[in-house]
Structures are given as C-alpha cells and as structure tokens.
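Given below, in the form of structure tokens, are the structures.
Each of the next two complexes has subunit A plus one more chain, namely subunit B in the first and subunit C in the second.
Moving on, here comes the complex of A and B:
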C-alpha cells in the first residue's frame, strides 16, 4: 500500500533546498570573485573576514551591508514547517511568502544598490546618502536565490498547482527564472538603452530621433543614392529567402522524386551549415572572386579587363548567404515534399491528371505552407547573419554589422546600437511570429501514424530537366567552394604566391615537446582550447534546459503554457548580434556582472541554442506515447522518477543530438561571441575574424579548416553512437492510444 | 524466503456528483454518481466520446475532477495525483517501457513501494507466474507477441496489489480469438484474487462476458447501471436497448394498465407486457432480433402480416429484414435449412419473454 506524499512529514526536497540556502548564506562568498571562484584563491586570501570574499552572514556579523539582513528571515521561516504536512495550509503559506519575499528582496537590493551606492536618485532622496556600495553577486547569492525560488515553487505545488507536483512546478519556475534573467531582462535593458540621453535620463525624443535616422530608413538608392541599413537588410533577406527556398526545393525534388542514385550524398549537404563557421563561405568567395581571386584574375587575363572589387557588397553577401543557407531550406523542404501524402498524388493521377498537372495542381499547392516556412527561415538567418556581411560587406551596410560597429567602432554609441538592435529584432520577430501563428495552423503535411502505402511519383519531364541542371550547377559550385577552403589553407599567399605550404597550420597549431611536457606554441591554441572548454560546458547545460523545457511543453499542462512556449522559443528569433549587445548592456554592471568571464559565453550559448534542444526534445517526445508516462505514474513513480526512469532513457538519441548540436554551434558561433569575448576568453571564431581583418587569410582559412575537421569528427561520432541505441528488434509498442 | 503471493486488497470506489470539464466548454463527465463494490468487476460501456475513459482516468488520478468527490475505500482521493493513489492501470497500448526487460517492467512499480530487492524480485516473479510468462522474464517487450505484452502489462499492474485495477480497452489491439482468451484470463485472475476491477470498453459483447455490473454511459452521463442480464432483458430506455445487443425499436401505444401489466397494441397486434411504470399513451416496444418469430404465410390471428425484404445467410443463422406496416424489423432465425427468400409473405410474432416496453423517446 502506498503512502501518499501528501501525508508525509519528511520533505527531502525542502530539506535539500534549505541546506543549499544556508550554505549560500553562511559559507560561500556573497559577491563575485574577480579571479574566478573555482581557482579557490579566495579561500587563502582573507576568507572569511575580507569584505570581497566574505559570506553574507560574516558581512552582517561585521556590521556591514545591512541591507542583506532581511534575507535571513525567509531563510529561517521554512525551518518551522519542515515537519508539517503538505496539506496543511500553513505549509504552503510559509513557503510561498518566504520564497517570494526572499527572492524579491534579493533582486530589489541588487538593483537598488550598485557600485556607486544607491542606483536610483529617488532612493537617495528617500533614504539619504549611502556611503557603501556593492559589486556583482557571487555564488553565495546564487545558491540563496535558487533556494528562495524553489521554496516558492514548493509552496505553489503544495497548494495544488499542477496536481501538487513539486518536480514539474519547480522546473517551470526554474525555466521561467533563467529565461527571464538571460533573455527578457537583457532585451528589456536594450529597449531602455534606446531611450537614454547623453546625461543618463530617459527621453522618447532621443529614441525617435535615433529611430528615424536617415542612416536607417533612407530610400536614396531608388534615386541613385544610398539606402538606409534597414532597407539594405530587408532587401538582402528577401532575396536570400526566395533564392534559398527555390534551391532548397530543387534539391528536395531531386532527392525525393527522381531516380537519382546518390541521394545520400545530397543529404550530406544538410550537415554542411552545421559544421561550417558562418564566415568561412565568405572567405572562400574572396579567394575566388576577390581582387586577387582565381576567377577574377582568370577573367581579367582572358578579356584584358582590370580586376574590380565588384564582389564586395550585395553580390558577395548574397552569394555567400545563399551558399550557407540553402542547406537549411533543403532540410525543411525534404520533410515538406516527403510529407505530401502520395495517395493524394495517386488520387490525382487516377482522376486523369498527367504528371505535370498533378504536380502543379496538387503537390505544389500542398507544399505551399512549407515553402513559406523555408522562406521565413532563410529570411531570419540572413537578417541575423553577421560573419558574411562583415567579411564581404564592403559599402553595403546591414543591420547586424552596423550594430557591431556602433558598439566597438570609433562612434561608440550604445543608444544607436540599441535602436538598430530593436529594428533588427522587429524584423526577425515579425518573421518568427508569422511562421508560428500564421503558418503553424496551415500545414497540410501532417504525417499521421497510419502507414501510407503509396509511392511519390517521379517529377514530370518539363520540371526534371531544369531541376537537374540547377542542382548540378549548384552542387558543383558548393564543392568548389569547399575545395577552395581546403586548398586556400595550404597556399603560401593566395593569388600572389601559390606554392604549397603547411606554414599556416604550423603557425597556428605547432607544439613542442620539452622537459615540461607538451608546449602549445601555436598562436591558435589558446582560443582553440577556450572554445573547446566553453563548448563542452555549454553543451550539456543546453541539452538539459532544452529537454526539460520540451518535457514541460509536451507532457504537462499548466496555466500560461502558451506564453511559456513562446518565451522559450523566442531566443531562436533573436539574432546573435542583438544578444551580444543586450548582454553587454545588461551584464556589465551589478547585480549580475558577467562581462569578461567565460560564464557569459556559456550563458549566451545556452540561450542561443536552447530552442534547438527544445525542438529536438519535442520531436522525439511526441513520438513517445503518453501512456508510458501515465502507466509509470499509476505504478507509483512520481514525475521526476518518471522523467528519469522512462523518458530520458528513451530519449537518448535526442539527447545526443542536442549535445552535439549545441557543442558544434558553440564552436561556430560568431555573432554574439564577438561582443562577449575578452583577452582571457577568446574564442576560435573571433580569433579568425581578427586574422581576416589583418588580411591574414591563410591562417584564418587553415584554422577554419581545422574547426570543420573537428566538428565533422564530432558529428560522425554522434552518428555512430546514435546508431547503436536501438531498443529491441522493433519499436511498435506505444503506438495505440 | 517463501515465494511471494499476490493478494488482492480490493476497495470500493465511489463517485459523488463528479463532473469534468476540459477547457471552458467541453463537458466530458456530467454530474456522475456511482458506487463500485469492492471485489467486483465493473465495466464502463458506451460509444466513443461518452466519457467512459475520462471517468476511468479520474479514478486513476490522471485527470482531476472539476467538481464532486471521489472516494476509494473510505478515503477521499479527489485531490490526490496518480502517484499517490493505490490504483494501477493497464493501458490500451500496454505502455510497456521498451527499454526495460519484462522483469524490469514488472518490478518498476515495486521499486517505488518500499520493497527490498529480494522481495521485489520475488513478487515480480510471482506476478509473471500468475500470467504464465515466467520464462520470458529477461526478454524485451518488443520480443513478445501482442497477447504476451498484454499479460506483462497485467502482471505489472497486479504485483502492486492495488486497491483498484483499471483496464482501458485492454483488448482492442488483439485479434478476435486472442481477445476471448485474454478476457477470460482477466476475469479468472480477478475472481481468484477478489480484485476490484474497473474496465472500459466499447464492445458490448466483451462487457456482457466479463462484468459483474455494467455502467452504460451516454453523453457524459450514466444511462443505466445493472448486471449484464438486467441490461439485456430490461433496458431502461431505447438507447440502452439498442446499444446492448441489437433491438428493434417499434413505436406502440399502451391502451390499458392493469396492476403492473400493460395492454399494448401496434397496428392491430395486441399483447400484454410488464408495464414497468409506464402510463397509458405512446411508448416504444424493444424486441431483440432473436426474439422475433417469423412464420410462413399469412395467418388470420395473433400475428402481423409482413414481407421478407432481404435475406442474408451468415453461416450459423439467417438474418432477415422484414417489412411490416409499422416499418422494418430485423430478425435472426436459427433455422437455416428452410430459409425464406426475399419477397416471401410471412407472419411476424414475438416470443413471450421477448418484447420490453420502453418510455417514448
């Protein structure tokens, strides 16, 4: 006979978080440690008496930081309900109020008191001047904040939310908290920054002036002048969206509706954008069409014309982005083209439509929402792309690079960066919204569980000829581009001295053995190891957050679920440059001071890549029949035990995919990273961009090639590992319901 | 240690004015009150969408009642989630965990019930023994046939000795022959261990075969509760009559009430039946197809003249569609050797225990 948890008077989870809270308050340093917490130098550097390293309790005991005192109350209160039953109203009441007050006060004091005393004038007016200050919160504060948060969620659960399920309520609370802190807070901070005047006050006029700046919205190019960056970005994104969608459709048709034999080879194309750092295509384009590029010089010799820099600007970015994002459209459209039920097409054919009529009147219209979807994805990717415009942009300014130059350039104008970020965000969010709410309901290609016995008809002749031609040309082009990358890395100086050499690899990755062990003498090692390290830390965290979110979205129902889903998927539509800028604006000052640390890189990766984990999780969890969870619950497991014992083991492929994907994405990302790197934590991509800016193409390409090889290996290992996690001979259970 | 024996710890289940809303406007279960005695097998029967599965899931704690009270034994479980209820469920899709072996599946719930390792194993083996699958303990579910998977699911639920055992259309994924066999096994185990079992199905034959009592549901409410015999012989209204077995529903009129008998007439045919509380006036006569008597030729008295419209040979019997003045009647006749053909003139009558008087709809 089971003992209902509602009747227990021992609450291990509550005890755990109470201990965590006390450790945070009594033991760990309250404020952030400049040298890094995990070096533990602080232990020998005046701990626990030194103000910079002392825990909160010590600070209070020494009569300092009096504003931390109220934090003690909500820490003591839960002790009184430790042996109460959950069903007693006092249990929930105490935990909710302690959690809410503690968390609220922690945030209030963090924002209220900063490095210059009171952060707001009205606080000073109210309480008089404060001759004390505080820096960013550290691990002590982090533990205490978590304890408060989970007191609160346990209180809510005890009151009966989500059937009183502590694990689910706590997960929801946790995800909301971190998404608010690391997505909504920075974005809000950016919005605010757009309104700040030079003397620090807020003004709508300033925002309007910056927003309606001619540099953003001018339409001069229609009359032979220059256009604003917003129009540039929009024009480029629309073009890229259309072209990638068409090319993606072409490839999808070749793979699914032709007798083409090497389909698997084409499918490998879809791996390319994942493993290619975004600007590498740009580099290869320069090698081909740049001033001293092979094609340029060949044409120049042939026709006796002067080589020009025509590639820099719209043509270059367009070619590079189309190369980079066609595989994404391809990936989407394979699913769409395959998803059109063959019986529809067979029905059309039995109704006397010929192949071309079938394609035109049935297949194509059924694919329409999928095509729009692919277009919007291409649009968003192009808008958000930073690497290619940076390398190839020339005078063609786009939003993502303008944001960067507004922050790091000579003009250093946070307000302008913020306004540009808002414009960019408006475009991408608009597309994201359209994709989710307008297209989301229109898909005709829902794959039902029922087997569809039909076969897709082959393409009609008048379609197949142009499709083959385009596919062949584009495949050849892609292959050449990637060969160029390989070739470019072993050439002395491109276009000038074409002798083969390993010089660049040696400069970057040389190492020496001496008595001290291996000496990493190559110039790239530093950033390489940092990248590996950061990516290794970020990947499991990303996967964890993503899968828990996916679990909540697919398996639980709770109030505000739609908003929750929108919030967690939102960061997918936030371009990296916007994340970069907003993180700088938000985390450069207390209470959360992260700039210059490795943590900020890890955090930015987690929230950039989380939607991918969520999607992977949702996709595989919706294939697990819900009765599996339910039977586990009726057998007496609670939802955490169910998640651990049933769901996670069945999700191993999804977990691995999420892990590897976030690892690889962390290695190739540039747009957010370039704002967040520091001398101590330089990443591979930003190092490469630095080499490019110094016209050191050889090294840059050699390094990129190495990265691609590393990632190819990782993806390959994944395929091997996933291939082995099969369950039994067949997977035909759990299909009813 | 002695071999573990699986016992029943049967408890009763009762619903007190329970309602369940999905969202704001979908009423899945509407003010249902019912009591399921300890140690009985009760079937929830009804067409799809009648609320029977929702009712079952509310007993399990997988859905929470919007209004009303649910008791298991003498304990109020209305607010308890599934984890905390002493109830096990066997799912339509079996829901065996594909990554665990048969024995791991059966032990799964025991792990959370405070048994030590040896006890867990003993009980799991005992459970498998009960369904005759001990030799498959180390296999994965995917290596078993559908019927075997079903039995593992039953064993997994049984070993917890739940107060109530729930079955959600457990046989719908099995073929017809296996269905009969497994349902008999379930009934046997239920009676041997004295379990309280609540069983959902939309197959009336299955319900009649296994149940102590049947709860017929319709439009989120209860249409009738009774033993299989009661439901078949004395349906409370036209819906139940038609849903449990088939019935010809013929409009008629009650001419006179004498004591608890009623004189009924339809189109000149007169008969006397149990009044079942009906007043004089229009009513409905429900007649099972097997209780219709068809005789050759037109008789002068005691029958209704009719004509065979369709005659179908289905092996064990003949099925006739017969046209009478008041409409069509469906009749089954065991005699296949002297069959009628379409167009034959016949006389219809009803067997004595055949027709049941129902209120007009």
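Moving on, here comes the complex of A and C:
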C-alpha cells in the first residue's frame, strides 16, 4: 500500500531496537536488583564487576552463566540486514529467526535454571548436576526480551502480514506477549491444580470426580431443595447483567436525551457506587434491611408483622450488586448512546416514523454493541464479585466465595478451587460467545467522516415516563445508602451508639505540625499514600493497554483474533482470589520475581482492569466509520499517526471510562490484593478489612468515606483533563452548533 | 504540553515502588492476629532488639495459602498468631521449621503439648475457649430464656435464632464440630449437630461473623470463640458471653518459623521473645482477650476466666490432622448440612 516506505533501506525502528538489545546485553545489570526496580544504589556498589549487578556480557567474560552465551547470536544477526530492503526475503527471514530463537532461548533458560540449579529433574538427568543457579531477571533481560520480540514482529511485518504495518504487528506481538506472561501463565499454573492427585501426579479422573460434584451441579432448588453453586452463580449473574444493563441505559438516556437539568449531579451519583469499597454497601444494606434494620423494623411495626431475615441470600446480593455494577453499564452505554448519529434518527423521523418507532427501530438497534458489552461486564462482575456475597449471601452460596474458602478455609483444597474456577470460566466463555452471536456481523457504524449535524431527539413520551420513574427511584435509593454511610462515619458506633463524633477521622487522618514539617500521625496515612501511588501509576497504563487492544480488535484482522480477544477478558473473569494466588505461584520464583514489590500490585491491576478499557473501546470504536482511518491513511499518515490523531480524540468517552474505572478499581479492589500486599505496600482496602474484622466499623467507614471523596475529586479532574469529544454536532438542544 | 507535565510526575511516583527493603538485621513477620496487636508486636520487637520488622497482617487461612504458594522461595520468616489448625496443617505439609525454644519451661502445658504433637514445628502463644454470645436486646424482645449450656441451643424456641460458621470454610466452626465429637462422643456429637442444624438461621463463611451479626442484631445467638464475643461486648454492642455448662473445646493460637526463612536467626530471636511474659503482656494494651501461654504473663480482667470454664482435653494431634478433618467434614456435609431446616 505504502510502497514508498517499504523501499527504504534505512530502518530507524529496527536500529532503535537493535541498540536497545545491545544496551540490555552489554550495559545494564542482567538480574533483578534486590533493592528494587527503581533504586539505583547498584551503580555505586561494585558495578559492573559484582556478579549480582553485572550485565550479561560481563558475566560471560568472567566465565559465569554460560547459558547466556547463545543470546549473543540473535543480537548479531540483525546487524547484517540493516542495509537490506524490507522487500528482500532475507530481511524477513533473518529477523524472524533471530527474534524467535532469542526470545525462545531467553524463556527456556529462565525456566530451566532457577534458584536451585536445574528446575526440572529430567534436565538434571540429561546434563548432570549444575552447581550454579540464577535469580529473577532484571533490566538487561527486560530490554533484550523486548528487542527480540520486536525483531520478530518486524520480520513478520516485512513478510507482509497486516499489510506490512509495523505498528500494528508489533502492537499485536506486544499485547500477546504481556497477556501471555501476566494472564495465561499464572492462571494456567493455578488451574493445573485441578488435575493434581493427592500424591502429586496428574490425572483426569481426579478432575472429573471433583467437577461432577453434587455441591456444584445439584438441581434441588427446582423441587424445593437446594441448588449447586454453579446454578446459583449463573442465575444471579444473568439477573444482575440484565438489570444493570437496563438501569445503565435508563441513566444514559436521561443524561443524553432529556431536558433534565442536573445531569452532572446525576453522573456523579451513578458513579458513586463504583468508587465505594465493597463491604460498605453491604453494611449499609444490613443496617437498612437486615433483621434489626431501620426499614425492616419500620415496615414490621407498620403492618404488625414479624421482621425477617429476608435480605440474606439472593435478594441481598442482587440489590448490592446491582447498586455496585450499574455504573459500569452506565459508563459503557453513555459513550454509545451519545455516539448514535442523530442524522439517522432524523432520517427516520423525516420518513414519518414517530418518536417511539424511531427509538425502537433505529436508536435501540444501533445501541446493541453497548448493550451487549454492558451485559457482559455486569455478568462477569457478578460472577467474580466476592465482597457482597460474603456479607449478604446468607445460605445462597456462589462460586466466588466457594473458591475463596476452598483456598483459605478449613479444607485447604486448591484442587477444588481450581475446578470451581474452571466452571466459572466456562460460564464467562459462554456469555462471551452468546454476546458475539447476538451482535452478529451487522454494522453499528454511525460516526463517519461525512457531515453529521443534528441533535438527539428527546425520548418518546412512552419511554420517558418509565425512564424517569426508574431513575428517580434508583437515585433516591442510592442517595439514602450514601447518607447512611456518611452518617455511619460520624457516630460512635453505628447502629448502637449514635453520638456524633469526629474521632474516627482523627484516628485515621490526624496530622501534627512540628519543626520537622508535617507529621502524618494518623494510622491510615501509610496505606492511603501507597494506594494513591499505585492507583495513579496503574490507571494510565491500564487505559493504554486496553485501548490499543480494542483498536487491534476492531480495526485489524489477523489470525487467532477470537482467541486473542478472549485472552484479554480472561483475567477479568476470574475471581481476584484465584488471580492473587496464581500471581504468588507464578511470580515468587525466577525468571520473574515480583512478590513483595509494588510492581506486582500495579501489574495485577493493569491486567484485571484492562478488559473494561477493551470493552469500552470496542463499543465506541465500532461506531467510528472505517473511512475515517482510510482517509487518514490515504493522506499519508501511518497507522500509529492515525490511531493518535484520528481515533484517540474520538474515543475520549472510552478513554475516560477506562481511566476512571482502573483508577477506582485499584483503590477499591480487595480479593486479589489480599495476597499481594506486603509490609511495605499495604493497600487501603486490606487495611479497611482488617478494621472491620476488629469491629472498628466507624474507622473503616470513615476511611472509606475519605476514599470516596478522593476518588470523586480525581474523577472530576480526569474529566477535565481528558475533555469532551466534539463529534461535530450541535451539543445542546436549541443552541446551534 | 500536558504530556511534559505528566511524565516527570509519573516518574517521581514510579521511583517509590518496586523495592523490597534490605538492610542489616531484618525480620519479615506474617501476622494473623488483629491489626493493632500485630503492630504492637512488630514495634515491640524492634524496640527490644533493634531488628527491623516488616509485618504483613492476613487472616490465618490467607497466610497459610500464601506460605504454601511461596514454598519454593519463601519470603516470610515467622508466622505469628492465628488459630492453630492452619499452623498444624503447615507443619504436616513440612512448610515450617522445627525449633525448641529455651523459653519452653515458662509455658503452660497445653502449649507444649501442642508443640510436641506437631514435631516442634509450631507452638502455642495464646488460647481461647469456644462458647457463644447472645444479643441481650433481641433475647429480651423475643422473650427467650437465657441459654447457659450447649444443649439449650437445641430447644425449639431458638429455631432460626442461632448462627454459626460453616466448618468447611472456617476453623472456628471446625473446632465446634471437633469439640462436639470429643465432648459427647462422635455419634452423639453428630446427633447434636443435626439438632443444632434445625435451629441455625445461617452458616456464615467467616468464623467470627456470627458474633458480629449478633452485635448488629442480625441474629440472636452466635457460636464463636469467647474472646471474640468479649471483644464485641467491649466494643459496646449488647452482647453477653456464655461459657457452656457441659464444658467446651478451645483453640491454641500458634506461632511457627517458616521453612527456608531468610533471616533464621532473627526469626528464632523473635520466637523466644514472643514467648516471654513481657511480650505476651502487650496483649493487654490492645483488647485481646485470649489467655497467654506464658505462665507468668497476665490475662485481661475482662477475658473469660479459663479456670472457671470446664475445658475438655482437646486432642490436637487427632483432630488437627488432615485425615480426621476431611472425614469429619465429609460426614457433616453428607449427614448434617443436607437435612431440611
């Protein structure tokens, strides 16, 4: 397509990666630095001779770690093709083989030789004992691995894959590599436990026996008995998916297609539940609707009936999850509802369709990608949610809590946890394909390069009345819950002693001024700053990875795209507990040693929250006409410039959704975090859970309230920074554009 | 423009993370008691010895899962606190290191008996008796009689008023099951559990949840360790603690040195210190109402008086082994949990 570029014999990108590779090999320390990734004491501590901090080349020169020597070959080979044309077969051949061999050898030696010499018995049997060992990889290995990966993708691109587009091929390569390392690898390691017998060997029979357990699949509830956890989870997740999607749509319609005045307030309100640490909502619901809850007692007195424990079980989990996950549906749908082109709706109305017909036959079908993605997210969130079923579940067991207690409970049965996680994954996979099937191959493009003026019509009356009613009721409910929470943070002991006090805030966040400056004396400051730091680092990375993935999925076609798409959803679908344990299993030993650092928290957040960025990105991007990209490409931009200059600016709502969501989740997630926090990196949520276990409800709620305030401010700031998309329409009713 | 502002700030943030601290004398402590107590133990040891302590607090089940996951490359040195079962399980799976402390002669016999049953891989640091607590307001409002014995909980008027944890997920509830099997004999013990099942309104997942629910008025009675119930009452909830008249079982909060600990000397130093009366007296400052294992350590005056409670001779060797546990839990699953309520 772009012949001019493929004929050049200077390859700046290739030169760059070659230099990176050599720097990694010659200059930077090969192994991980004990003091930490961002500490540089090693520069003055015997570098480069000290074997702990030496680069690979120096280690080899000193006659150590012979297994690193073969890594040199694939570094030298690309030097010979630097002056060749991309079109020459030798160029692609050399790069592909160098990249593949280098990357493969790097991984093989990493796994083959560990802290106790050979990692596998058969290697020792083959080569005899090894009296050397190695620790986790560091900067040098990281750079070299990236260099090999990009040699490989450059080679593939030169052979003509994806129109020879280097940016696209390397992005695909990069995303596949990191998803494999940080999603597939740890999860596979854990799920294998489903096949391990008591004496440590692998067997399918063990898996089958655990899989067809009555506690998972029983259908007793149809005949008045009890159902297995699998059915419980499935039923709950479908309900939550449907209800959150409908509520999300309702709010999206109110915000975009009504004369409603306080839209910003409504936006903030719908975002509130997403930024609430998990157990707080559960506690508020108990204090409202529990056996001694205010609403229950009031209703019981009013009608003279006995209060019951009705909230514990399906009703309680359903209410809490719908409250918590509606915002996600809203965030996905708002972009889509805004994106539906008014021109099409106007066209329908010109053809004499009334408002209701227009909505039903034009607007609603165009929102399908949004609806499907919102449902999928609600479904998956509900499946993986752990906090709400724990607090409100009663005797209604679901997969996520069963998994947690199979790992940490009195059974210590990781095999059962793995089997349950596989069941959960199967459901998620099912939902994922159902969604694909429902969307089909239709086009949902509405934002094209052509003139697109007009305003969204108001909702038809038939729709607006129920929409307003639902929005009003739900808003009131949310407001009441949050007033309760605020109230809970300023009373002595919520539900027992209602004297007003600020002591919880003081315990958590007190400051003292003395000659040394500000002293952070409150007990919560440590975890508070760590949390802010980790969340701030994780959010933009998550959004970036998510949106690039979404771009690849919607705009490019390549082999294995479906598997790729599912792979990116995987870490989201698996409960945090499983992720947490898999991350320890996978990243506590070389070649990648991350436990006890802050990096492991950042990484776990990126890969756990990336799918929301992907979903939001896909939903928005499938509305952008491909002709926009094409015109940009025709005008000589390459695909990176197109992505940056054309697509990104049109994706602002999706970017915002991804940023907000990942920031907020990094601050409120709990289940994976519990296993990954360390003395130095304690997170707010694990601190809060500790308080709750210790009956310090006031302190826990005060801390949560503070977090909510911080997150609201951040969300507001992000909204300002990212800005609004202007899709070339009149933005308001009445005022022309 | 914006990018230039963001990038340096981002780097500054990033430079703080990604490090694990290393200096002269260090100890990584995994702590499974409540937050304040853990903090106090960590700081107390630092003050006493000058060793830097990095402490992580997790529940005992979570710590066990972590220690097991880290088996190939242990990151922790000492695991202090939390109910004895996971410690015994860790000993059985060879995740912890045997150590005979010179402090042993100062300890109560129950502590040493538990250590010996585990091949010296764990040791008791405190104990707490099983019992139950009830919400006095709810009990009065419902006009129910005050329960005093285990068998009282079987009375039909308590139907739907009793809460306990699920023994499959909670060590507390497993202790309840094992206690009944020892107190009444296994057959009668299971008959008791079946009778109790009829009155249970919910099997919670976590062990201390029933008494928290009682505190909030969500259930009348919660079966828990008595020190948890005392903590609830001291926090201000209307909870009364009951030591059942038939006698009861107990847990031993334990401490183990993790196998392959990187700071083994400091770990032993901590181990000895944690068994001293001085270290165990720290519990008084943090509302911990367990009974310390050092004979000369003091017990909180609010704590249930163990000498007035009839304790059974709890067989930790048998009931802490994974075979017995698996058998009892399966029996409970098949014979008790399936009954209609």
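Convention: the second predicted complex is superposed on the first by the 434 of 737 C-alpha atoms of A that agree within 3 Å, B and C clash if a C-alpha of one lies under 4 Å from a C-alpha of the other, contacts with A are read in each partner's own complex, and residues count from 1 in each chain.
The criterion applied here is as follows: contacts are C-beta pairs under 8 Å (C-beta built on N, C-alpha and C of every residue); 3 or more make two chains touch, one makes a residue touch a chain.
The structure displayed is predicted, hence computed values, not measured ones.
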Notebook entry, point to check: Touching A:623, do we find subunit B (first), subunit C (second), both, or neither?
Noted result: neither
Item checked: First (subunit B), second (subunit C), both or neither touched by A:645 -> first
Note to self: I'd like to know which partner A:599 touches here: subunit B for first, subunit C for second, both or neither.
What the structure shows: second
Check: Which partner does A:349 contact after superposing on A: first (subunit B), second (subunit C), both, neither?
Finding: neither
Next item on the list: Please indicate which partner A:634 is in contact with in the superposed arrangement: first for subunit B, second for subunit C, both, or neither.
Entry: first
Note to self: After the superposition on A, what does A:164 contact: first (subunit B), second (subunit C), both or neither?
What the structure shows: first
Check: Looking at the overlay, does A:507 come into contact with subunit B only (first), subunit C only (second), both, or neither?
Finding: neither
Item checked: Of subunit B and subunit C, the chain that contacts the larger number of subunit A residues -> C
Next item on the list: Jot down the residues of subunit A that show up as touching in both complexes, subunit B in one and subunit C in the other.
Entry: none
Item checked: Sites on subunit C touched by subunit A in the complex -> 2, 10, 13-22, 28-29, 34-36, 53-59, 61-62, 64-66, 68-70, 72-73, 75, 85-86, 89, 138, 160, 166-171, 173-174, 201-203, 205-206, 208, 212, 215-219, 231-232, 235-238, 322, 325-326, 329, 333
Check: Which of the residues in subunit A end up touching subunit C in this complex?
Finding: 34-39, 115, 215, 286-287, 290-292, 309, 312, 390, 393-395, 401, 404-405, 407-412, 492-493, 495-497, 533-534, 536-537, 540, 581, 584-585, 588-589, 593, 595-599, 601-602, 674-675, 677-682, 686-687, 690-691, 693-695, 721
Next item on the list: Could you please specify the touching residues of subunit B with respect to subunit A in the complex?
Entry: 9, 60-62, 64, 79-89, 91-99, 108-109, 111-113, 140-143, 149, 153, 156-157, 160-161, 163, 166, 172-173
Next item on the list: Can you check the complex and tell me which residues of subunit A touch subunit B?
Entry: 1-2, 4-6, 160, 163-165, 625, 627-628, 630-639, 641, 645-646, 649-650, 727-737
